[in-house]
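Here come two complexes built around chain A, the first alongside chain B, the second alongside chain C.
== the complex of A and B ==
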């Protein structure tokens, strides 16, 4: 006759599909019934914000956003792309976009269209979409932009000569295109570090999936990366910084952008319900669900380990 | 019924098809997986044709009569011989050319990944972080020195290196969990908000 299983033994033998179901509920419930969790801003994200913000209103400075991912990692990278574009459009920071993956092209267009909905910005004047360029040209373009951007990328997404566009008037190479942000789920950012950074001294930042974050920390420590946004957390941090500083309003509700301050960001608590547009809080709402899911996973790991040791001790006793 | 609702319903159906694999492998999952591969390729081919072949091959040769482009074009076309048994050796020529570019990256990689990293590991031991970096770097390097048996005092030191690595792997694993959950959150946000519209 088989011995009756105790709680931990039953847990050890539990079908994994029950765990999937619990994780699914842990994610769904906070999304349907949202709560306000606090988003702490980390230094790597802060550095990206401060660097971009330092180009405010300058026509001789621009940032380059390189989209190096496909739809599979959109959940993590898309909110940070929209937040950065919103920051640029709000603060009149010139932005260039490019991609070397066919699958990244619609995501790049979608990010620009999503962010510019609330702004009166024009392609070729306030921003420039350089479009999709074949991956074989990645290296020649990256190196070529160190000398002359308009020669390295002759035409934009609409087939216009880049050289003739107003946005390019004061932009010639990495001296003016002073921050490159690569959004990637791969080691693509590494190419910018070893070519654009090492050869031309360009400032490079990374917007990467959380999986890649640990691999990129050594480049942050050396200063080869100016800053880094890691996964959904990085996106949530950037969304918050844009709301607290770039979108700040005075007591009469008029736009009143302010400089970054550690003290202010630390003590500011934004209610999700105060932000009307969903597209500007996607990552922060996602982080609510992430928090609950993490608590659930930590709980499972602890219970699983207790179960493992209890079962092992029981087996030992039975063997003796 | 709007176009947006129809497209979201199709996307939601395909999302659920993929999620059905969590229960067990089934024809719905297989269908969605094959469709994804087909659509990705179908989308990429005309985009590459329009953005690579036309501006960099067709237009320079046939419109601008820059016949020098024929040489790299033939070189690139040699990749196709990879699929034939007898002539597959021809595909090695463009590969060799590609390797030359990789060679160009070696000194820069040495600079970016080795020299700069070494420099930043040589810091004055004036705070806890730099002391930890020093201990971690030395003990892990000693762990990977296999000409000496990991026993006695040496074994104990390399064991510290193992602890440092385990902490590093733990951080990577934590980030990986966060990444996977984020992807699931993205899909569920789509299902609940864009498709069903029940998110507040």
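== the complex of A and C ==
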């Protein structure tokens, strides 16, 4: 009996470096050896996909992607940015990108370059990178876009006059730029909700780190947020939707994109090995690591509590 | 005058912008456009101010050889090298700037954020104890939400993601909304105090 109690006491005093080692292995192994796990699509992610997909082939509609994060949260947000860009390029959806943080600028370029590798898309025609604008201009630009995009942001990333670019022919304000997606590890999306949504009626969605997701539920419920991609899970869901619908191929292997369907997504299982490019399954591979890490943490909580209660019971007996 | 002029500017412009929101007259729209142009011209100067401030703080640390002054040298050196590389070769894909970003900033940023996983695991083991009823509820909620966030949760039972979603949609939402209402009321009160000149701490000087 006493030996067993000593074991729990030892557990209580376990050096945290052992915990770090277990966590390291729990994260590293699934990343190095990916396994197949099912991705379940949630409604907030589904709404983002459906809204973007509704702009397919339209020259009088576009989405705006605002990159409001740095490299530290890239693991969660970058895969969703690439997946959305891939969706846009595949389905001929016009996309504009902008950032107000200098650290986000290389990330924005990196995401565009990663997604466009397989597509013959041109800046100024199929997509438009508006580049980095100082944060002090965040509010004037956000409000200005409600009146005239080309006036609010006069030049793009390459210094070209935005007004003269083909992509802008039928885009003037939030009536056409009808979905703004802000990617952040902070509450940056609230500004879009307060100004672009409340004042101009723009649809706003969020791509956000998992720890920040809980803060956005009130806005999802009221409909102020059209949808939300929450952390790596949201990114994995979007990757799957792009593969299942936008990238769908007919029996001869020709592109045959299809409309979103709850039934189809629920019953579709994609093997990791079926997707050749790692950049298109980053989030799903990451979800393997996240699954193991979450189970590990729950295991630690249980073990820690067993140790706590056994030690407490022993102390009580000793005191009596 | 040092305090009165900024105060007059803040109060005056504050009321003008409140009026602009509610008055869609031409003069109001023209003023708003004029302000937008000016703010675009003024805002980039904040970058210059930021760089100057950074340089002054760190150069003082280096000159005075305060403890850990070496970090300041690294900060200023990195600032100079990154800026120079960006100005000379540009910031597009394939440039040395992008190489620096992909090979230095990206891994360093990711490393800092990923430390969180280790701390959470360690804290979960060492401190997350069912010491009281409230702590037990929190612990159970955390476990359910964590399981609901990964595919395994759905595979174990469909009630896990459903319960997880309920926790986020009901108790979490209620608490968040209450906080948001409190913050909103606080912001309104503070804004009114600034507009009326009652709140002046933003001017500095201590009163």
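In this text, the second predicted complex is superposed on the first by the 315 of 320 C-alpha atoms of A that agree within 3 Å, B and C clash if a C-alpha of one lies under 4 Å from a C-alpha of the other, contacts with A are read in each partner's own complex, and residues count from 1 in each chain.
Simple rule for what comes next: a residue touches a chain if its C-beta (ideal position, glycine included) is under 8 Å from a C-beta of that chain, and two chains touch if they have at least 3 such contacts.
Here the structure is a predicted model, which means the values were calculated and not measured.
> Given the touch rule stated above, what does A:282 touch, chain B (first), chain C (second), both, or neither?
Only chain B is touched by A:282; chain C is not.
> Looking at A:75 after the superposition, I want to know if it touches chain B, chain C, both of them or none. Which is it: first, second, both, neither?
Both: A:75 reaches chain B and chain C.
> Go through the superposed model and pick first if A:19 touches only chain B, second if only chain C, both, or neither.
Touch partner of A:19: chain C, not chain B.
> On the A-aligned overlay, A:304 touches which partner chain: chain B = first, chain C = second, or both, or neither?
Only chain C; A:304 stays clear of chain B.
> Taking the superposition on A as described, I'd like to know which of chain B and chain C A:295 touches: first, second, both or neither.
In the superposition, A:295 contacts chain C only.
> Answer with first, second, both or neither: which of chain B and chain C does A:37 touch in the superposed model?
A:37 sits against chain C, while chain B stays out of touch.
> Regarding the shared-chain residue A:45, is it in contact with chain B (first), chain C (second), both, or neither?
In the superposition, A:45 touches no partner, neither chain B nor chain C.
> Per the contact definition in the header, classify A:144: touching chain B only (first), chain C only (second), both, or neither.
Touch status of A:144: second partner only.
> Of the partners chain B and chain C, which touch A:109 in the superposed model: first, second, both, neither?
It touches chain C, and chain B stays clear.
> If I apply the document's touch criterion, which positions on chain A are contacted by chain B in one structure and by chain C in the other?
20, 23-24, 27, 72-75, 103, 105, 134, 136-137, 139, 210, 213-215, 218, 221, 231, 233, 290, 293-294, 297
> Can you check the complex and tell me which residues of chain A touch chain B?
The touching residues are 17, 20, 23-24, 27-28, 31-34, 72-76, 102-103, 105, 131-134, 136-137, 139, 155, 190, 193-195, 197-199, 209-211, 213-215, 218, 221-224, 230-233, 278, 282, 285-286, 289-290, 293-294, 297.
> Taking the touch rule as given, give the residues of chain A at its contact with chain C in the complex, in rising order.
14, 16, 19-20, 22-24, 27, 37-40, 42, 70-75, 103, 105-106, 109-110, 113, 134-137, 139-140, 143-144, 152, 210, 213-215, 217-218, 221, 231, 233, 287, 290-291, 293-298, 300-301, 303-305, 308-309
> Would you mind writing out the residues of chain C in touch with chain A in their complex?
35-36, 39-40, 42-44, 46-47, 91-93, 97-98, 101-102, 105-106, 108-110, 112-114, 117-118, 120-122, 124-126, 128-130, 139, 142-143, 146-147, 149-152, 154-155, 161, 165, 168-169, 172-173, 176-177, 180
> Taking the complex as given, what residues does chain B use to touch chain A?
Residues of chain B touching chain A: 22-23, 40, 43-44, 47-48, 51-52, 55-56, 101, 105, 108-109, 111-113, 116-117, 119-120, 168, 171-172, 175-179, 181-189, 192-193, 198-200.
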